[in-house]
Amino acid sequence: MLRTWRQRITFSDVVVWAIGLAIAFMVIYGTIATLRLGKYTPATWLDLIITGLALGGIYALIALGYTLVYGILRMINFAHSEVFMAGPFTAAFLADALVKLGIWNRYPLLSLVLVLALAAAISSSIAFLLERIAYRPLRTAPRLVPLITAIGASFFLQYTFRGLYGSGLKGFPTLEVLKGYWSLGTIHILKTQAVVILGALAMMLILYGIVQYTKFGKAMRSVSEDKETAALMGIDVDRTISVTFILGGASAGVAGILYVILFPVAHFFMGFIPGIKAFTAAVLGGIGNVPGAFLGGLILGVLESVGPSLFLDGMGIPAPYQLKDVIAFIILVFILIFRPSGILGERMAQAKA
Amino acid sequence: MSTNTSALWKQAIRTGLIGGAIVVLLALVGVIGTFKERDIISGWISMGHVLFLAPILLIAYSAARHVESHSKLVILLVGAISGLMSALVTAILPLFGQVVNLRAMFANASPDLYKILTFGQGIPLGVIILLLVGFLIGGLGASLLLLPLRARKVLSQAVVWVILAGLLRELIVVVISRWGVMAYIFRWMFAQNGLAPVGAIAIFVIIGALTFWQSGKKRPAPRDLPPHQKRKRTLVTLGGAGIILIILPLVLGVYFSEILDTVGLYILMGLGLNIVVGFAGLLDLGYVAFFAIGAYTVGILTSPELGLFHLTYWQALPFAVMVAVLAGVVLGLPVLKMRGDYLAIVTLGFGEIIRILALSDWLKPWLGGSQGIQQIAHPWIGGLELRNQTQLYYLILVGIAIAGFIAWRLKDSRLGRSWMAVREDEDVAQAMGINLVATKLLAFATGAFFAGLSGTIFATKLTAAYPHSFSLFVSINALCLIIIGGMGSIPGVVVGSLVLMGSPELLREFAEYRYLVYGALLVVMMLMKPEGLWPEARRRLELHEENELVPHEEPQPVLNNPGQLGG
Amino acid sequence: MFKRMFVAFSLLIVASMVLTACGPKAYQCTDALGCVDIGPSDPIHIAYALVIAGPDETLGIDSRNGAEVAIAMKGQVLGHDIKFTGEDDGCSAEGGQAAGTKLAADPTIVAIIGTSCSSAARVAMPLISQAGMVMISASNTAVDLTVAGNPNNYPGYLRTAHSDSVQGAAAAKFAFEEMGVRKAATIHDGSMYADQLQQVFAKSFKEMGGTITTTEAVDPNQTDFKSVLTSVAATGPEFIYYPIFVKAGSLITRQAKETTGLEGVYLMGADGMFSPDVVEGAGDAVEGLYVSSPDLAAFGADYVAVFLPKYSEMFGTEPISIFHAHAYDAANIIFAAIEKVAVKDADGTLHIGRQALRDAMYATQDFKGLTGNLTCTPTGDCADPKIAVYQYHVGLYPPERIWP
C-alpha cells in the first residue's frame, strides 16, 4: 500500500504541499504573535467580525449569481460583476429623483422597494441580454471560447456604462432611517450593516427555496445535471437557462443596492473587485451550491476584515491592510488546491475544477 | 403570399429597431460625439457621422440579405424600411431630449449631440431629414446586395481606404512632411482635418481601380504552389520584411519609434502568452506578473537607488530572465490541476498579488513601494549607450527575433505537439503518455521567459519601474491581442499587436474607448471568427468543424483526421 | 486585405527613404533654443500631457477642462487663436514617455500643460527639455522635480501645484501646534502623491515631538474601510491624516465617523480632497473634516463667481477633480509669458523665442491666479507658498478657513 501511495505523489505535489504548510505555519505564528501583543481588545475583534459579516453578505449575494450560472452552464460568467454594477448605478439616478420629490426620506420603505425593483430589473435585463447575445450561440464551442467572450463582455459593459453615465462617482443618497447603530452592550452594529446581513440572508433563503422547492427549481437542477436528458424529459432548456440568468441578475441587482446602502458611491468600476471576491466566495463554499455561496461569502468577508490584523500584524508587517486582497487570493488558491469542492462540497468538483 | 409579406416587414422592422438601438447606444456612450471632431472628408463628413450612419447601412444590408430571394423592389423596400425604423428610433433621442433633461443621467446627451443627430437643423426639420436619410441609406444598404460581387468588393474596399486615410491623416502627414519638396505630390490630398474632397475622390478612384484589376485576375492560392517556389516566396517576403523592419524607425522618426517600441514590447509578451494560451490552452490572466518580475529584478540589480546591487544591464538580464522563469514554475505549480475558468481567476489573483506586493509598504526597502525603482541602467554596447527609443527599438527587434524563432521551432516540435494535445483534452493526452506536469510547467516557464525579457527592456526604456505600470490591464491587453490576432498563430500576434496597441496611439479618440472596443471585438470575434484575424490553420479547422465537406454526426476531435495536419 | 496594406505601407516606406533627403529650411532666429514661428492666420499651439483615459482620468480631464476654460475666457492671444491638443500621460512613467516623445517631436508646440502625475513628469521632462519646450504642471507634487541638482529637475519645468514638502510640513504644524495632538496616524493610497505627503507629515510631526501610532495603506478603488479604520483605532491616535483623493477620502471620512474608537479623533486630508465632491460624498460626516490647500482667502471669490459657472456651462457638470484651478492658472501664466516675449513680424507672423519664453515664465511674479498669489522660483515652483487649513461643514463649499 505504501508503494502505490508513493507512486501517486509527484514532485509537484510535494512542493505545493510544502508551500501550503509554510503559509499555514506563518498564519498560525502571526496569529499567536498578534494575540500575544494584545493590541486589539475583544470589542475591536467583534467590530472587525461584524464589518466582515456585512461585507461578506454582499459577496454572498453576488456569489449566488455566479453559483447559479456555473451550476447550470459550467461556466464562470465573468460579466456578472458588471451585471452587479448596472443595477445600482442606474438606480442611483432614481434615488436622486426620489430625493428631489421629497419621497426618499418620507417613505423610506417605498423608496427602497422602488430602487430595489429598478436595480433588479436592470441587472436581470443585462444578464438576460448577455446570455442571449453572447453565450447562447457558443454553448457548444470549446471551453476557452465562451470564457473569452465573457471577459470581453465584462469590459464592454464596464466601458459602456462609463460612457453612458460618465466616469465620475455617483453618490447614492443615504436614508435617514438607517443612520446610526444599534447596541447590545459593547457590541455596536450599524443599522446599514444589519440591513445588509439580513437582506443577504433573506435573498439566500428565497433563492434556495426556489431552487429546492419549486417546479422551476427542479428544472434548473435537472438541466444542471444533464442538459440532453432534461430536454428529453420535456424541459425547455433555453428558457430555463434564461430564467436562471435572470434570477442571478436579480440577486446581483439586490446585492448592488445593499452595497450602495453600505458604501454610498457608485461608479463604473465598482463591480470588478467585488466580482472576483464573490467568485472566490462561491468557490470557497462550493460552486453550484446556494447555501455554500452564502457561507463562503460570509467567511471570506470575515477573513478579509480580520485577517490582516490577525495574521499579519503580529509578524511586524507595516500597513497590513494593504495586503488584504492578497489574503483573499491566497484563500482562493488554497481552496482550489486542497479542497476544490469547497466547504459544503459539490459533486462535479474534481472533474471540472 | 400575404403571410410572407407581413413576415418580411416584421423582419425589416425588427432589424431596423436593432440598428436604431445601436446608434442610440453609440450616441449615448459618447462615441459619435467624440469622433465628430475628426473629419474624414474635411467639412463634409466626420468620423462621427460615419459611426452614426454606418450601423444603419449595415443593418439594412443584413436585413436585405434575409430576403435575397425576392424581387429587387422588395429587397430595396425592406432595406429602406429597416433604415427608416433605425432613424425613427434614433430620432427619439433628440425628441425626448427636448422635453426631459437627459444630461443629468447620460453625460453625453448634450445639445451638441442632438445637433449631430438632426444634421444641425433642429426639431422638427432635422427629424424629418433624419427619417429621410435613414430611408435612403437603408435603401442604399439593400441595393449593395443587388450589385455583382466584384462591384461590391470594389466599393467596400474603396470606402474603407478612404475612411482609413481620413482617420490616419496625422500619421500620413507626418511621414510625408519629412519628404520635403516631394511631399507636395500627396499634400493636396489632405486638409487641415481629414481629407480634402479632391483627395477623397482620388483615393476612392485609385483603390477602386486597383481592387477591380486585382479581383479580375486569378492567382494560385499560396498552398498550391510547388515547394521550391513556395520557399523562394517565403524567403523573399521575409527578406523584404527584414530590411523594412531595420530601416523603419530611421525613416519614421522618434514619434513612431515610440509607438513601435510599445507595439514591439507587446509582441514580445504576446509571443509568450501565445504559448501559454494559444498552444497549451491555459488561460493565464495574470501574465503581467512575469513582466513585472523581469522589470523589478533588473531594477533591483542595476539601480544605485536601492544600494543593494550595482550590475550592468547585460549582467542583470540573465538573472532577471531566470527569476521570471522560476516564478513561472512556482506560480504554475499550484494551478496544475485547475482548468479553464478556475485557472483564469487564480492566475488573475497571482498577477494582482505581485502588483500589490510590489506596491506594498512591507516590501518597500527592497522594491521601492509606491515610489518604485528609478535610475535603472541603460544597456551599453561597446561605447554606445542605448538610450532613446530608436536605439532600443533594435534591442526589442532582436528580442522579438529570438522569441519568434523559439516559438516557431517549438510549435512543430514534440513539446509543441504535447501542448496542443493538452489543449485539446488533458485526460486523453495523459493517457497517451504525455507528462502533464512537465508540459504545463514548461508552457508557463517559456511564457514567463518571454514576458520577463520584455519586462527588462521595458524597465530599461523607462529607466524606472513603478508598480502602477503592472496592472491587470497589461494582461488584458496581451490577452486581447493574441486572441484577436489569432490564438496559437505567430503572425497573428504581430497583427494583433499592431492593430490593438497601435490604434490607441495613433487615434486619440480611440484611446478613450479602448477597452470598450477591445471588449466588443472579443465578443464579436468569438461569435464570428474565433480563430482570429490571421489564424493558425489547425485552429481554424478545429473551430469550424461544421463546415467540413464530409458530414459528421457530431464534431470530432482533430486527432481523428490525420490528413488535415497542415500546420 | 492585410497583405495589401502591408505592400502599400512598404512602398510608402521605401519611397520616403528615398525622399528624406530634402528637409524644411529654418527661420532666422536669435533665441538660444530656437523660435516658434506662427503665421498670421495660424493658431498658437498649446499642448497638454494629462491623464485623460483610464482609472485616473478624472484627474486629467478635470485639469484639461480647467485649461480649456482659461482658453475660452482668453479668446485670443495677440490676435491668434489658441489650438489646444494633447496626449494622454496615463498617470504613469510609460505614458509620460509616450506623451513626452510625441509632444517633443512636434515643433509647432509652444508650451505644454502637464503632466498629471509626477511619475510621468520625471520621464517626460528630459525629452521636453531637450526639445526646448516649456512644461507647466497643474498637479505634479513630487518634491524632487524642483530641487536644484536633483537628477529629476530639468530646465523648462514649472508647476502651479504644491510641492509635497510644503504641504505635509504645514499639516504637521497644524496638528502639533494648533490642534495640540501628540499621536497621529496616517493612511495613504499607494499613489506617489499620498505616500510622499504622509511621509513628509510623519517626519515633520516626529521632529516636533509627536508620535505616529501607525501608518496604513489602502487601495484607491476600495470602498470598505471599516476594518482598516478599526485597526487604526486600536492604536489610539488623536489625529488621522489621510492625504488621498476624493473617492476614497470621502468614504473614509464617512466610515470613520461610524467606527467605534474613533470618536473625537480629528480627521484631515490634503488638497486632493478640496472639492465639492467631498461634501457630496461624505454627507453629514463631512462636518469637522480638516483639509489643507493653498490659501484662497483673497482670490476664492472669482472661483465661485466666474470660474465655476463657466466650467458648468462648457462641460455640463461641476468640476470632477481638484486641479482644474491650477490648470487654469497654468494656462494663464503661459498666455502672460507669450504676450511678454512674442515678437510680431511685419507680415503678421508671430515669433516666440523658446528660451525667452522660459525665462519669462520663471520670472512670473505676483501673478493673481485662482489658486493664490503665484510667484515662480528659479527651479519652477510657482504655487502660492501659503498653505491654509480649512474645515468642512455640512452642505458648505468652499470650506471655512481656520488657520493660520
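Order as written gives the chain letters A, B and C; numbering starts at 1 within each chain.
Basically, a contact is a pair of C-beta atoms (placed from the backbone, for glycine too) under 8 Å apart; a residue touches a chain by one contact, two chains touch by 3 or more.
Note that the coordinates shown come from a computational prediction; the quantities given were computed from them, not determined experimentally.
The chain closest to the protein's centre is B, with centres computed as averages of CA atoms. Inter-chain contacts peak for the pair A-B.
The distance from the centre of chain A to the centre of chain B, with each centre set as the mean of the Cα atoms, comes to 32 Å.
Rounded to whole angstrom, the centroid-to-centroid distance between chain A and chain C, based on C-alpha atoms, equals 38 Å. In chain A, the residues touching two or more other chains are 166, 318-320, 322, 325.
Of all residues in chain C, those touching 2 or more other chains are 190, 215, 217, 317, listed in ascending order. Shown for chain B are the residues that touch two or more other chains, namely 107, 359-361.
The touching residues of chain C, counted against chain B in their complex, run 1-2, 10, 12-17, 19-24, 52-54, 87-88, 91-94, 97-98, 101-102, 104-106, 119, 122-123, 151, 188, 190-192, 194-196, 215, 217, 316-317.
Contact residues on chain B toward chain A in their complex (touch as defined above): 25, 28-31, 104-108, 277, 281, 283, 285, 333-342, 344-346, 348-350, 352-353, 356-357, 359-362, 437, 441, 476, 479-480, 483, 487, 513, 515-516, 518-523, 526-527, 530, 542-543, 555. Listed in rising order, the residues of chain A touching chain B in the complex are 10-12, 15-16, 19, 70, 75-76, 93, 96, 133-134, 137-138, 140-149, 151-160, 162-166, 276, 279-280, 283, 317-320, 322-323, 325-326, 328-330, 332-333, 336-337, 340, 352-353. Interface of chain A with chain C (complex): residues 39-41, 43-44, 47-48, 51-52, 55, 166-169, 171, 174, 179, 181, 188, 190, 259, 262-265, 267, 269-270, 273, 304-306, 308-309, 313, 318-322, 324-325.
The residues of chain B lying in touch with chain C in their complex are 103, 107, 110, 157, 175-183, 240, 244, 247-248, 251-255, 257-259, 262, 359-361, 369-372, 374-375, 389, 458, 461-464, 466-469, 473, 495, 505, 508, 511-512, 514, 533-534.
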